[in-house]
Amino acid sequence: MTYETPAFIAMFTAIARSMEENRDHLCALDGVIGDADHGIAMQQGFAAVDKALAALDAGQASPTDVFNTAAKSFLNAVGASSGPLYATAMMRAGASLKGKATASAQDVALLIPAMTKGISDRGKAQPGDKTMLDAWQTAADRVLALVEQGSPLAQVLTEAVAAAEAGAQSTIPMEAKLGRSARLGQRSVGHIDAGAASAALVIKAISESFG
Amino acid sequence: MTLTKKIINSGDDVVDEMVEGLLLAHSGIVTSVPGSPRSIIARHGPRPGKVGMVIGGGSGHEPTFVGFVGKGLADAAAIGNVFASPPPDPILACAVAVNQGAGVLFCYGNYAGDVMNFDMAAEMAEMDGIEVRTVVTTDDVASAPRDQRHKRRGVAGNFFVFKAAGAACDLMLPLDEVVRVANLANDRTYTVGVGLSACSLPQTRRANFHLGDEEMEVGLGIHGEPGIIRQPLQTADAIVDDMLDRIFAEMNPQRGDRVAVLVNSLGSTTLMELYVMNRRVRQRLDALGVEVHATWVGPYCTSLEMAGASVTLMHLDDELTRLIDLPCDCAMFRAG
Amino acid sequence: MTLTKKIINSGDDVVDEMVEGLLLAHSGIVTSVPGSPRSIIARHGPRPGKVGMVIGGGSGHEPTFVGFVGKGLADAAAIGNVFASPPPDPILACAVAVNQGAGVLFCYGNYAGDVMNFDMAAEMAEMDGIEVRTVVTTDDVASAPRDQRHKRRGVAGNFFVFKAAGAACDLMLPLDEVVRVANLANDRTYTVGVGLSACSLPQTRRANFHLGDEEMEVGLGIHGEPGIIRQPLQTADAIVDDMLDRIFAEMNPQRGDRVAVLVNSLGSTTLMELYVMNRRVRQRLDALGVEVHATWVGPYCTSLEMAGASVTLMHLDDELTRLIDLPCDCAMFRAG
Amino acid sequence: MTYETPAFIAMFTAIARSMEENRDHLCALDGVIGDADHGIAMQQGFAAVDKALAALDAGQASPTDVFNTAAKSFLNAVGASSGPLYATAMMRAGASLKGKATASAQDVALLIPAMTKGISDRGKAQPGDKTMLDAWQTAADRVLALVEQGSPLAQVLTEAVAAAEAGAQSTIPMEAKLGRSARLGQRSVGHIDAGAASAALVIKAISESFG
């Protein structure tokens, strides 16, 4: 099975819907150790992406165009920490599909490691710093292992979701090292990182969109 | 849970509508870059050969940042969503608008989001041939240990750092010197804040953290980030004493030293309370033989409607004294 | 019932400690009459042959009244307890201190307590040979029907009346003329306020009235006095429209008219909200072809930490325009 | 029986104690239609009186001196509406005892009409305006009638208290005409006037002090 531009647009619509539904929940999580706006950033960012993609000529645009448009519109709608991180993630994902009008199942699976690379390059976080990277990296590592083994896309994505959720949960006992919660030290322990929680939701929406 | 009450039309439109309203109110002092409404520039700031100074950050701290744009202060401010760094585009638009060939200083509070977005804008500006240098403010004493000063947040002390750096630009100092002055100002500026109640974002209208009925949070950030200790509400004098003890431990004031003082409201704490605090600040400084060169009292760096206050001391030397005294002309700030 | 949280030492001492703190903060601009600490006088206001202008009223409205003392504005302010008129003695001390032989204007908001105390002080001043004339401000449109304008409260519009009268004094106009100007300014100034939440007195730390979670009070006074209607919270545009409809009904603005605008916070309502309101004020005035000559936005006349805001229009003529534009130099007010 | 300086000082101490006890209650009453500070004004005012009288040389001071000292200290501590009203009341009371080192029972009874006259002269309220005068005037009228009949002081004062309380209650259905609540019109109806409520307490304290 192959995937073309509309599939990626649909993927972003699915993410946007999930962020809309989880906005207040994510704000509450961010409120515990941050500034309580993460849900707004994610909702507003993906709503802007959805709107920008709706204006795209799906017949003309390549999958890479979809990701680049998404990156730009997310960044400009959001700023914040999430803006540069997700915009870079999307640009890396777009680059990974460069020149392809259709993407293979493997291309789709490898979007997750590509996005993770973007987040890691931009934010320079390390796994264990209690950030969204803890969810993305756990998912990306699992994806790479399964792609290596030639697992089918459905399985890769299902396991990516599980890995992302585990990665998000793993932030609970961590002490924050980066971002707004970095100054909390011990007081950040015992709470999930909001960016990691939303990352798991994003990966879930991607998975369901291709599942 | 009941929602907080605000006089807004919609949480999604509030920043754009605020910018519209403020450009109308202060049209003699500020305008926006055509096509980039969240890039606010001074009408009388930029001029040939002058280093351009761009500040900015999330909304919700008014009059920081928009209020500090004007001749003798910042040449431009890029405005983000509430509590969110602006994206690179409006920052870049500011840099382009104020660039006069002498380079541009980016000066803003030290938050991960701001650093990423301003750095992206700096890279883009460099590609356009604009020399950009960055100084992040790190005055919040409570936000990291002394040996990790570079990790600290920038809070109300922005006010002094912007004032000094803006004056340096106004005096036509070259970019290197402006950067030196901004770093000097930041190094000598110390803030501690306390929070008494939460604020609420216009989009959610829910308290962004919870404090007990009798509690205060010492060292909290200007976005409601938790501080270093939560404790029963103290008297004004005890609160100020604790703040100053933390500041003095770092500033190490000597008899005969000179400081500038800012007693700042985080939002709903009244001038009445701030002046009561200022009285104690002065008592403590007098007792040490430290001279107060100038005092500002009021809501200068807010956190929406949060109740709470901060005290900032800038440890003056002759150069900073002169820069702080230089007149400036912005919408919401009185100097001298 | 839980008590509200304030940064104070004691409710009984808060006014005296506030005065102490503000005299220290603004020592270049104001001082107090020796032996009468609640009589605040301008350092550079009074001068030979100039009419002295004394304002005043209860505390809790800062920067009203203390913030409006300075050259080109009031020469003195007498400060009462929270929400309570000052007694005659500090008012008299102000009158004596600013009297330069040309007479003294008493100008303050129209409240029974203020009227009684200022009148007693005026009688005492007359006995000392000081000519005193009184103008009470009555700008609160919501506080009495139009045919009983003299019964209305004085609220945020004080700002414009004080500014115009202070400028008239600064221009060395004689007492009769100053009184005429003050009356003219008051007659042409209109305010409507809305309250979103109560404030609490420092001595009781209890909400001084109760509003439902979704309610606002239209026309409430700056001490929390009930207004004319209690209704569900509206959008910013709807609130401003209602305020302006009430003001326009009296002011009867014509195409080509000129106004000055004050969008005022009652305390914890943020600049962000005020600017959103100002946007709508301008839209409505533009639609009528009314020119906005100048705009002030901020906490100018507060009611402790109350949430809410007011809009004031001063219907300018050439004389008032010139007076409003005249520079002044006070601790918390920027003119021009 | 006659009364000298210490009796009047004790009377003010009794009033001060009552205002202290009723401070928050009176603030709450004032909050309904006014600015919620009436209890503070009364408490602070009579506390200042008590303090000033304690500093007085009771051997030297006449009853008139007591009232004049009380007037001055009340006014300077309070301002507000209550300040001039009560200060004038006390000055009128002092004037009614002018030149007397000892006061008769009748002199004491007539303090209430004297104070009422002061409040009425200063505030220019009419009965029915929903002010403290509604309590004072009702009490004063009753006192004058009983003094006319030659009733004993204890009876006069007891009935004055009952009259003041009735006068205070009578403000409930009134529409306010003066003071802060004047602008309320109909909305002031149904609530007792705070100044009338405190007046009844003051008269009660006076009565108990001489009872």
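Think of it as A, B, C and D in the order they're written, each chain with its own count starting at 1.
Methods note: a contact is a pair of C-beta atoms (placed from the backbone, for glycine too) under 8 Å apart; a residue touches a chain by one contact, two chains touch by 3 or more.
Being a predicted model, the structure only gives us computed values, none of them experimental.
Asks: Busiest chain-chain interface by contact pairs, anyone?
Replies: B-C
Asks: Between subunit A and subunit D, what distance separates the C-alpha centroids? Give it in angstrom.
Replies: So the centroids are 73 Å from each other.
Asks: Could you give the separation in Å between the centres of subunit B and subunit C, each centre being the mean of its C-alpha atoms?
Replies: 29
Asks: Provide the C-alpha centroid distance between subunit C and subunit D, rounded to the nearest whole angstrom.
Replies: Taking the mean C-alpha position of each chain, the two centres sit 32 Å apart.
Asks: Starting from the mean Cα coordinates of subunit A and subunit C, work out the distance between those two points in Å.
Replies: Once rounded, the distance between the two centres reads 53 Å.
Asks: Which label fits the chain touch graph of this model best, line, ring, star, complete or other?
Replies: line
Asks: Pairwise, which chains touch?
Replies: All touching pairs, sorted by chain label, are A-B, B-C, C-D.
Asks: Help me check something: in the complex, which residues belonging to subunit B touch subunit A?
Replies: Against subunit A, subunit B makes touches at 12, 58, 80-89, 111-113, 116-117, 120, 142-144, 151-153, 201, 203-204, 206, 208-209, 221, 223-226.
Asks: Which of the residues in subunit D come into contact with subunit C in the complex?
Replies: Touching subunit C: residues 23-24, 27-28, 31-37, 39-41, 44, 75-85, 122-123, 178-184, 187 of subunit D.
Asks: Which residues of subunit C touch subunit B once you look at their complex with the stated criterion?
Replies: Interface residues on the subunit C side: 2-3, 5-10, 14-15, 17-22, 24-26, 59-60, 62-63, 67, 82, 194, 196-197, 202, 213-214, 216, 233, 235-237, 239, 261, 263, 267-280, 282, 292, 295-299, 302, 304-305, 307, 309, 332, 334.
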